[in-house]
Structure formats: C-alpha cells, structure tokens
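All chains are identified by letter, namely A, B and C, in their written order; residue positions are counted from 1 within each chain.
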Amino acid sequence: MSERHLSVALKQPGPIPLDVEFDCDAGQVLAIFGPSGSGKTTILRSIAGLYRPAHASVRSNGVTWTDTASRTFVPPHLRAVGFVFQEYALFPHLTAEGNVAAALGHVPHADRRLRAGQLLESVRLGEKANRRPQELSGGERQRVALARALAREPAVLLLDEPFAAVDRQVRRSLQDEINALRRTLDLPMILVTHDFDDVVRLATRVLLLEGGRGVANGPVTTLMSRPDLAWLREAVGLGAVFEATVSGSTDHGLMLLSFEGGMLLAAERHLPTGTAVRVRIPAREVILAMRAPEGLSLHNVLSGRVSALHSDPGLDHVIVQVAVGALLLLAEVTQDAVDRLRLAVGTPVHALVKSVSLDIITPARD
Amino acid sequence: MASLHNLLVCLLAFAGPVGSAEALQAKRAPVVAAAASLNFALTEIAAAFEREHGSRVELVFGASGTLTRQIQDGAPFEVFLAADEEFPKQLASAGLTRDAGIVYATGRLVIFAPNGSPLAPDGQLTDLARLVKTGKAGRFAIANPEVAPYGRAAEAVLKKRGLWDALRASLVLGDSITQAAQFATTGNAVGGLIAYSLALTPEITARGSYAVIPDGDYPPLRQKMVLLKRAGPSAMQFYEFVQGGIAKSILRKHGFSVPD
Amino acid sequence: MDWSALRVSLWLGAGTILVLLPFGLWLGRLLALQQFRGKLLLEALLTVPLVLPPTVLGFYLLVTFGARSPLGQAFQALVGQSLPFSFQGLLFASAIANIPFVVQPIQRGFEAIPADVRDAAACCGLTPWQRFLRIEVPLAWPSILTATILTFAHTLGEFGVVLMVGGNLPGRTRTLSIAIYDRMQAFDDRSAGVMAATLLVIAVATLMTTTALSRKVGVRRV
C-alpha cells in the first residue's frame, strides 16, 4: 500500500489573507480550526484547485497539483480530490445513485450503477438510492455527499464543516461514521470546522488558524496542553486532551482509566475493558494542592511537577501546566494562589480532579 | 415541452423554403409596388392578368412616397405604379428605373362622410366650411401629404377653400390613402378626403356618402408607372398588360380616367 | 387566413430561436459566472432593444445595410440581393430585437445554480463540457425553455421592425402581424379577424406554458 501524503503551502496577502504550511499523512485527520472568516474554506478550495492563491504549492502522493513557482496547475476535475461541501452541494436533478455515479467517470459504464450502489451501502443508504436530495434528511444528504466524494477514489478527502447543518444527535453518529471510515480508507483527511467538539472527537492533528495564518500546528494532545494559546482559550476553554484505556470498574460504580502517568476514576460508562478513549479535563476543573489532601469528596489526586506558567495582561488568572508522567495537565489558578503556594517551574504539586469533570470521548483514537 | 412539440408539428406542416436567391428570383412571381389607391383596381387587373397569361404577380400596396423610399433602399420590386409623376421621376433620376415611365391613369379626390356624421359631403366643401365656422368640425382625415400624392391633393383643396389653417390641428393623417379611408369610414372622424377609386368600392360605399371634388381645385393626379432596373420578362408583360384594353376598362370602372 | 404569412411568421420565430439560442447560452452563462470590468455596461446594452422603439432599430438597420449604404452595396454585390427586404434581413433584425428575451432568462437560470454545486461537479471529475451538459443545462433548463418560448411569442408579435426592414413582401417578409394590417387596409376585416384570433391563441398558449414552467423552476432548489 503506497503511503499517501499531502503537502500544502499557501501564501498571499489578500484579498483573502493566507499563510499556512502543513502536511497530512494517510490515516491522519487534520482539523483546521478557526473562527468564521479565518480562511478555512479557502484552504480546502485551494487544495481542490477551486481557488488559486498568489503563491501556492499543493502536492499529493508526489504529484504536483499546484505550484505557482513553476506555473503548474492541474484543474480540479483532474485532481483525485474527494470534497464534502458545507451544504453538501448535491445535484438536485439526480437521485442519490445518480449523484454518486456522476463521480464514477473512471469506471466502465456498465459497472457504474453497481459501484454506486455499493458506495451507498457503505454509508447505509442502500435502500434510498432512488431518492432525490429533496426527499432525504440532512444526515442522509451528508452521507450521499460522502459517498460521492469517495466514489472518485480520491487521494485526499476534504470535509468542509460537515456537521454544521445537522443537530447534535445526528452529528454524533456522523462523527462515528467518519471515524470508522478513517480506519478503512487510509487517506489523508482534512476537516475544517469551527466547532471544537469535532476536533476533539475526530482529529489526530490540529492546525489553528487566525486571519488566514497558521498559528499552531501539532497533535491534538500536544496542542491542548499548551497554556499560551490565548485565542484557543477564548474560543474553546483550555483543557488537556489525552489518550487513556479503560482498565476496569470499581464496586462503587466508577470506571478505572489508565493513562501514561497514572490512573483516573471516572463516572461509569459501561465500556468493555481495554477500550481506548480520549479524555478531556477542563482547566477550570483542576485544583492544585501542595500536599495530597484527605477527606475530600473527589477521587482523583495526581502527583506531578509544574512545567510551565502562563499569564497575560488580559487574564485574571494564571494557567499552570503540570506534568503528570507524560501527561501535561492545565489548571486555571488565581495569581494570588500562585503567590501563596509559591508555584514555580519545577515545584512538586498535586492536581485534583473530580471524577465527574472528566469528559470521556469514545470511540477513541487508534 | 408541449409548446415545443406543437411548434415542430406546425413547422412540418408548413415547411417550405423561405428566402430568396438570384436563381429563385427568376421563377418567383414578380413583386409589383402599387399606390394604395389602386388597392381594389389592381387586384382585379392582376387576376385578369393571371387568367390571360397564366402567370402571377405579387402586389404590395402602400403610400407612393413610402414605396419610393423602399425602392431606394433596395426593395426588390420590379414594377412601380405610383399615384403621381414626382416619385417615379425621383427614381428615374437616381438611375433605378429602365426609363421615365408612362402615365397609366388619372385619379380623383372625393370628400367622404360616414353614416351618421354631421358632415354632408359636397364638392365645394361648403358644409365642411360651415362646420369649421361653428366650431363643430371635429377630426378630419386625409393622407399624409409628405408620402401620399392624394394627401398632397387634399392639402391643395383645403388651402384653396381656405380651410387648411383652421383644420390643421384636427387633421388625422393616414400613412396611406387607404388608412385615411379607414379613419374616414369608421366614424372616428367627421369625414375625410379620400380616393374616388376607394369610395366606389362596395365596402366603403355602404358606410357613408361622398361627393367628387372638381378637377380644377387641385393639381391633376396623373399616375405614372415605371419598370425598375431588375424587371424580368414577366414584369414587363404585366407592365404592357396594364396599358391594354382589359386593364383600362377595369381602371375606368374604379373611377380612374385613362389615356386613350 | 394568409397561409404564406403564417409560414413566414413561424419560420421567423423558429429561425430567431435557432440563431439566438447558442449565442444566448454562451453569453448568458458567461454573464452568470464571470465578473469583469464593464459587465454592467454590457448588461445594459443587451437590454437596450427592450426599451427602444422598434422603428429605431429598423431605421438604423436600413441606414446601415440599405442599398444606399456602402455596407449594403457590398452585401448586394456579394450575395445578389439586399439585406433589408429579404427574409434573411428580417431574421437579422429579429435576432437583434430579441437578444434581451434570450440572454436575460438564461443568465438568471445559470445564476440560480449554487456555486458549490458547480464546484462539486468539478470535484467529481467532470470536464467543463460535461459539467455544462450534465449539470448546468439540466438545472437551468426551465429558464432556457422560457427564453425560447418568450422569444418565439415576441417574434410573432413584431410589427415595427418587420415593416421597416422587411417591407411586406408576400411569401418573404409578410408576417402574420403585417398581413393583418394589410387586410385591414384593404377593408377585409374578416380575414384580419381570423389572423388576429390566431395570434391571440398562440400568445395565450405561450403565456400558459411559461407560467407553468416558472412554477417548475422553484422546485429545483434543494
């Protein structure tokens, strides 16, 4: 299996400012996260060849799709790109099957219907092949759009705010669907979103975008443990995100999670032992103590060391980063507390977390 | 989609080449331009021509001035029967005719009043003068003097009777003598000055009454016809026919006087 | 009923559509999809035939292509006949007079296609020509049909330009609308009445079709 790889570099001062550079490997989901108007959709369109920035370089699997330096430009219909548009952009005059078949130009005519049917089956829409988009629900349309994007046998899958138009419940099941696909497809996937929930649930890496400029790029866990990303803090609220494994249950209805650095107790979710999950601990929910306390209601006391402190004039508190084994936790603490406890880099400290504060995200990363 | 289907059916039903090329022109019936006053007379003459010679002509009627303009702009007429001598002269000077042409008839002007009109037609226009004096003249129809010789004659008559200035503002100008006759007969005007040849036709006679204007009251309407440069043999045949005995008697019947 | 006049009218209507439709598809789509300097001016110019009296158009055509003009004489030398007073000339005049009836509806039809649907078509691997035929035209189809029918009906009703440029030549440029006028001049109201009724029926049928079609356009949007 060839290693599919996408590398992108875009730069222009205007009319839409852009300044990003990133890679995405097969099997990875890169989430491009930023507020509305930060140029996220433009990046996707540039990868697809629907937009041409002043300076751009887009390479997929070693094939150059765009290179302004050498004036190379492959038109969008000749790029193996699967694009799921924000409002799905289904062809209203064609059935679900027709929509998917439109992308099957590379398949011999006789096989197209069959193949389209198979693709619709894979997104659980087999019986609705003959329906028009008007007759489908929002979630069903999204799945047709997905099937159509995959029909091209693309080298890269692009998703533009794919869950923006659906409600919470449908969103969850769609997220799971994409996760399942990620495992089977082995493609670089790029997901644009302004909802951090998508990032936490789906992404392996995050590119943070502000005004068209990439301000941070890295694995989700790493980025979420950085205390200094002011904009992220305002948009989402800080809190470490990390991987853990379910290792059992207690007699008292709590779930045991083990991570690289210790154990945590969380509210029971009846997950089988060995399930991999992602855990998010909002910084606001973390209390620091110099000594391990006794007689408290909470269950989680983690020992570690202060690894970083961050404050800026706009903040009325300090963000303290605490290293607990390989995990970097964040805690929001008042300046007064910092002074009283004499917190500094290297100070041993205990981090206290209520079991109910743990946000468990399943299914998890592989 | 239904409309498109119907259109196709219609097209198939009426299919036929439309358009002309030089080759076709030889086989086509020659087009004859004729003054509007000849509307009924020439139609009869053309029918007689077809009976006599077995060939057809197409007739296009209009004001002599309008037809002259069209000929100057390249209209493919082969014969032109005007209602005066001036317009054919213009064409001859421009080199568009075979020769100077020949007077084929002299026309007459009549005053016409539709049934129910307050106007009582008389050749001296005394009743019209009366209406003008009492301010009850209303609208009066003539052909546009600029394009129709009969309109020019009407203007001359009205000027001679001293009624031109008074009536000017309420004149209805027809773009041809037949349109003037339309206005004069439909009751929207108290009456009008129209061609004798039109007043004699049954359709118009039924609609009102008329009186002939004395010849001396306007310059004679000597009507000239010419062969145009592109006239073919069929056209020339028709040109001769109009000067022949059958045509002359038809013209006389319609109120024209013809040269012997 | 003057059958040759009916034939000329129908051929003029059909001919105008045949000439203008490819032009309208190309220009309408261009205006819908592209922005460029002077676009506003172009759109205004294309609307001019709507507001100008037909006689103005007729006048300029006669002046430009009549036998007294250099262009007209060149044409005559080349083709053997003058452009005015021929069916071809009439077709030419009719095409110009109908440009707004063709271009505007088609432009609206293409404008109504969401941009991301077109983009999605490209991302499906469809070439520009395939996108046009399989996605854009089917979606703009009601507008294209409206343009066709409107143009046909408008052409049937044309009088001023036809009279000035065509000259009422039987079998060549005497359309049904001219024939009605012609018969009235000859005090033949009966014939005029039959032909007028025919034109009226065609006009009503046209309006009914366009109304039904415009309802269909609404359904297209998802």
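To be clear about the criterion, a contact is a pair of C-beta atoms (placed from the backbone, for glycine too) under 8 Å apart; a residue touches a chain by one contact, two chains touch by 3 or more.
Since this is a predicted model, take the numbers as computed values, not measurements.
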Identity of the most central chain, Cα criterion: C
Longest centre-to-centre distance from chain A, chain (CA-based): B
Averaged-CA centre spacing for the pair chain C and chain A, given as whole angstrom: 55
Centroid spacing, where centroids are CA-atom means, of chain A and chain B in whole angstrom: 88
Distance from the mean Cα position of chain C to that of chain B, given in whole angstrom: 34
Residue numbers of chain A (touch at least two other chains): none
Complex contact set, residues of chain B against chain C: 1-4, 6-7, 10-11, 14, 16, 18-22, 25, 28, 31, 36, 39-40, 43, 58-62, 70, 72-76, 176, 178-179, 181-182, 201, 203-204
Partner chain A, residues of chain C touching it in the complex: 114, 116-117, 119-128, 130-131, 134-135, 138-139, 219-222
Touch list for chain A against partner chain C, complex: 45, 48-50, 75-79, 81-83, 85-87, 89-93, 102-103, 105-106, 133-134, 148-149, 151-152
Interfacial residue positions of chain C with respect to chain B in the complex: 3, 6-8, 10-11, 13-14, 62, 66-68, 72, 76, 79-88, 145, 148-149, 152, 167-172, 182, 184-187, 205-206, 209
